[in-house]
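Labels run A, B, C, D and E following the written order; every chain starts at residue 1.
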């Protein structure tokens, strides 16, 4: 049954993905700008034959419907094509960049959880206290600040003035990490390279904080309000009437219920983290998918944009599915 | 007491069988039942929420500032004196008293630009939220009310748009259409309506089963009238709250697009582009980016406070009575 | 009474809701859409001027039956006749005319009034359906109705939340009366009210019935109320009508085991009425997959045997006007 | 150990912060300055440029022009690639034919063909000699040649181009250790390096053990990284940061002339009034370029009084430029029938990166009464508009002229738009038969003196016609930590780490 | 066993002070079932919660005494109070759907009280269920489940509340309350959410527990019928105050307070002939900012000026029949 539901979600996602693919295809083709011309830059000479040859190579000389046909048939075969600019298979480029993006997303996720959930709980339990007010004010600041601005400020404070965190990048080469999965945290654990792990985490911290701040704020507020709601419920009174201590009431009986919505929202945020981090990636020189796409859009690297957007959409759908699955685990009422 | 009880139960029942995305909206504050509320005591309620009131006042001040910007600016915000390039604020060494907040990289008075910038930021927020709301709410109500193929098509389309990463999408639109105010609005609305659609649809689905809708049907009202006069008034408050909460994030998106080089992009000052083009000067002329940033922060903060307050005010469950 | 033509009559009225399965579940797991058999093969007649009480446990289909009768739901199968006209075929003008004839009062006075509308707005909707246009006339009529249900004219521009439960229910009654109907489905109109207020509404409904010669289908789960107000009672169990009889007959000689258990379970202040309680085992099965045969057999204390689990008993007239669906009386 | 034989205790690592991603490490598969910057630390070319932009042999030992269309190159013996293979004429021939032949790179074509002009073929004549044959004379050949780097024939034929792009093997001072093109490219010293061009001392292997290019797109972050000591050299320093960086005792700012020609193209077809040379001259008079350089560019740009970058080949220093004279501008406008700029209003398009100057220019032009507004575009969108005409009039843009040869600038920017080669950047839609005739005459000349004379003439014509507002060439501004020794930026933006050392 | 004296619980609200429980005095003998009746919002639940000192924020117990087996609960330390809750005094709540924690298995929730109060360590339990606490707890829970009539307890043990029907959930709640063999059971409208036939099941279960264990029960209800059938004594509440208390038969057959009288008259009677019901006019009052005097005065047929002017004391009518009314004598129906 559960499997059938998952299968169904996947089946339903197929037309959505196809829609995404077609939309992004037309989007790119119909937006002005000639990839070949842009590739040639503003210097030197270019022979028309050369441009034609490239256009032919990129299949840009064919009519639009044929291009779409090629794109879709390739896609169905699992082939995302070759990047015009980077001259590499898009699938490979995406595979190379995705781990960085995912790692950053998870960093943001963990940071937002570690900060937000305790704050949310304490604010709810000590409603109207100073702590409640201060942390909620902080939460509001978190969502009211443009990420790039916050990122730069963090770099200035933590890297330039205090030298506690590195300003950019994922991991310096000197640490000598052997990559296996592409997730540096995992790789450093797998290879037992603890200095690499420390360095990875240090590099991860500021970007994750920047990316996660907004979500942390949202999650804190949500946890607070769902906690407040849960604390009003009859079963909390029952727990007290059983003779439980206040701590047990909050941590055992209230928390799990309060987390039901929070956890799903957080899982859902993974999708947003994946698709919304190009700004953070740019600021922190983080070699992820977001930056790749922004660059590709500017260079009209059609296959790369198409491929990346499809992968984004896929991760979004997957994150959603994951959210639903997690939901069934925290909330026994729901059968997937 | 009874009122609240029934609404709590209702909310619970409906919480559990919502999809995570609806949950998300729900927790953004969006499941509001308005049973003890009319506009009369709305303002009284607002008074009891000092933060929301503060938010409202600041927002109103900002709007006034935007409207009367031409009268308020001490200098021409569009052209500057190159000699005043990155002039520090007046209280700094080297600052000039007539340029209170200093000047930007082209010697334009920062204060004047900030005041003028309110126009773009606020209209971006207001217009894109308004457009998204109108589109999202009409389609959402219709989809929730009629269900069937109309609902199916719009819901799938909404899924599709949701699966598109928002910034990439906006970036794509901006790249395709070129920078400019209306293009920006278009980029923001193209996806912005989806959330409103989902909210309106979900609310309509639950509203539709309400007995007063049945009663209206039994009294011979037509579908359109039911949607407009029975359902709409009951969901509009949720929409307003979502609108305020979204407005803040849309204003920030404008800034983010500017950061990626694709904002409003004319000489008209917009906070987003001021913050992002000034960020290069962060280390030697922090004010160029930071002061518009503060202006933006204060506005978004106030809008959020107002939105949050509205949520509390409009949600009888959160009231002590 | 029985000799007269029934005002409302149903033949084999059935209303199923479908709980949809997903496409994949259908294809992969070969599951079918599940049917919620809310109302199943109901034959019922309501005579002009009478109050028919409809009792039964939660979820047995009372509300569904009531709403289907006045065309808020489309029946899955079977026929509904109103004054010998087929209700479910009505369209346009005919339907408007029917809407004026048949009205409903809801259980929950909190949910049945649109919280965003004033009393004036709420009551003027049916008045417009009735064809009134002039604002002055409408206002007059509203005041009339308010007076009739015992509310004062100053309430006309108030919102529902400014009223107590009993007052709201009065507004609901006024809204139903506004169309000058003949037939009113009262769907548990007093269940949500406090005991002391409940009596006010019951009295009001009785008075109105006398005054306008109304016909009621009075749905409730409170047997003392139904005893008080009804001329005849139909007992429902899981979508089926299991017994109908004039009130006094039913209370003095309940035939169906379920009716017997139901009556015995009423806690009463009245010592003389207390009977030996029949405690039923288990809970009401869900209408999603109701038990085969007699639907009550899973809880029945007087089961005959095999036949109960296999054959659905039909409603038979055991004595004059007393129908029961039980194999004991087949 | 290092070349000077002194025992070094610690391995030295030099880190460079770059603004843009590297697209590929295959020298034949890009048209991108940043990629070239990195590639040239691993690959050497036949010739190279000195910091003063002179062409000197690098892999080539010597070269001679046999005829107007034939060049012969002698290759230095004893050069080895990183994999130990000797570099011979075969490799040189392979390198160029790989670019010239369509589909030669694993079926893909090189986008660098245009940088070889009318080159027909390259043949080896013996193991260390190659012959370049052109279809027609191409005087800028030598100046274009540093842009091509020699790749190993056998290696590529054996492994294929895709593998090569990931595991590049060149004959340059560094060999690749690891490459994440959007993140960092790590190279280590190639101990068997032949030493590079003898004309640019010191000769020998690289001085640092490891050189790393890190990609840090955000300017503020890049600067922060330098200040925090995370990197040693950064490119693309914003001019306004110079003062502040110089104030930092650990940081040195280095500048040199650039090779980007900035101008405001006035489209004469799209915007009727620009047909009138008086209007164009008026605009030139209206803009105070010196003041813009002093303020917006913080003095870090060199004014281009005419259509050439000062210091380029055949530069005409008799042209001193249109002086800033608002009255004169107004006069000219009035003469042209636009007193006080009445009736004139246009948009000035530009890219985000150049918008400050564009705004400043617009401010100056507005002084004459003309109504100007600035629009900022994504280049990808603007480019087709510039090609097709469209609703626009003027554009402030740059054109790269890394050869410092007028040919390379005039051909795309001022020759009548004939096809994609010619006039590719002629956003003014300037068309002067006299200019065209003289230009084409010059292209086939071989004698430098004649060419210089003609170029000076051509510059005069352009100056008088003023199809653009002549603006400036920004200086290359880079910054490094004071630990860094022997490093100077070069006008073409190249960051060559061969000779750079690192102090304790 | 339980003696409540002048208990008052107040809620400060924006609309004014809500005296949810106002000077309530009650007592309960061992093994007795006392019915507490009254309309919605009159303070029944708050009375019970006050006994357990679980009044929700912003409510506060402002005065009185609750003596349970000789000690005043209101003076106990929080920790002492906790050991009492669930062990000696247990509560069954009104709405089973919301009272069971949806994320824990039912069996676990029933066993929790046992664990908190260390029941499985007690000598009597050890002897009965064995040494291993886990196994013993499970045994005890299953026993409880069977005792309250949950069929196939073994399977139900592992199910979640939402898999239970309303009646089953109510039984599970009762099992929780009974787990430590409390001396006093506070049942707050335990059948309101249930159907008539299920209500009958639950009520007979409570009756049985009362008989078998001698547990004292306060049964809160708004249904006079329920109180009349199941309780030995009935206490009638109106707007926070107790207005009448006495043995069931006396209160039903010879009610003294006009409110009780009105209540009885407004319930339709199921007797042979139809008797017109007579509603009490007016509405249930809003507790916020009630003026002094008799809260029922505005709806009372026998009101006098004095009713408004002063607080009316409880008066002893007969031995154990008390009424809070000025002119109750002679007002026999």
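Following the convention adopted for this analysis, contacts are C-beta pairs under 8 Å (C-beta built on N, C-alpha and C of every residue); 3 or more make two chains touch, one makes a residue touch a chain.
If you're wondering where the values come from, they're calculated on a predicted model, not measured in any experiment.
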#### Entry: Chains touching both chain A and chain C, listed by label
B, E
### Message
Which chain has its C-alpha centroid farthest away from the centroid of chain E?
### Response
D
### Query
Out of B-D and A-B, which chain pair has the most contact pairs?
A-B
### Task
Using mean C-alpha positions as chain centres, tell me how far chain D is from chain E in Å, no decimals.
89
### Query
Counting in whole Å, what is the centre-to-centre distance of chain A and chain D, each centre being its mean C-alpha position?
37
### Query
With chain centres defined as C-alpha means, what is the inter-centre distance between chain A and chain E in Å?
53
### Query
At which residue positions does chain C touch at least two other chains?
none
### Task
Would you mind listing the residues of chain B that make contact with two or more other chains?
2, 175-176, 279, 282-283
### Query
For chain A, which residues are shared contacts with two or more other chains?
31-33, 148, 152, 156, 160, 232, 282, 298, 331, 333
### Residue ranges of chain B in contact with chain A within the complex
8, 15-17, 19-21, 23-24, 26-29, 156-157, 159-160, 162-168, 171-172, 175-177, 248-249, 252, 255-256, 259-260, 272, 275-276, 279, 282-283, 289, 293, 296-297, 300-301, 304-305, 308, 317-318
#### Entry: Contact footprint of chain D on chain A as seen in their complex
31-34, 37-48, 50-51, 53-54, 57, 85-88, 96-97, 100, 148, 152, 155-156, 159-160, 163, 166-170, 172-174, 282-285, 287, 291-292, 295, 298-300
### Message
List the residues on chain D that touch chain A in their complex, please.
### Response
13, 17, 21, 23-24, 26, 29-33, 102-103, 108-109, 111, 113-115, 117, 144, 147, 162, 165, 177-178, 180-184, 186, 210, 212, 214-218, 220-222, 224-225, 227-230, 378-381, 383-385, 387, 397-402, 408, 411-412, 419-421, 424-425
### Message
Can you tell me which positions in chain E touch chain A when the two form their complex?
### Response
49, 52, 54, 56, 82-87, 90-91, 93-95, 98-104, 112-113, 116-117, 160, 162, 173, 176
#### Entry: Of chain E, residues touching chain C in the complex
39-40, 151, 165-168, 195-201, 203-204, 222-226, 228-230, 252, 262-272, 274, 277-281, 283-284
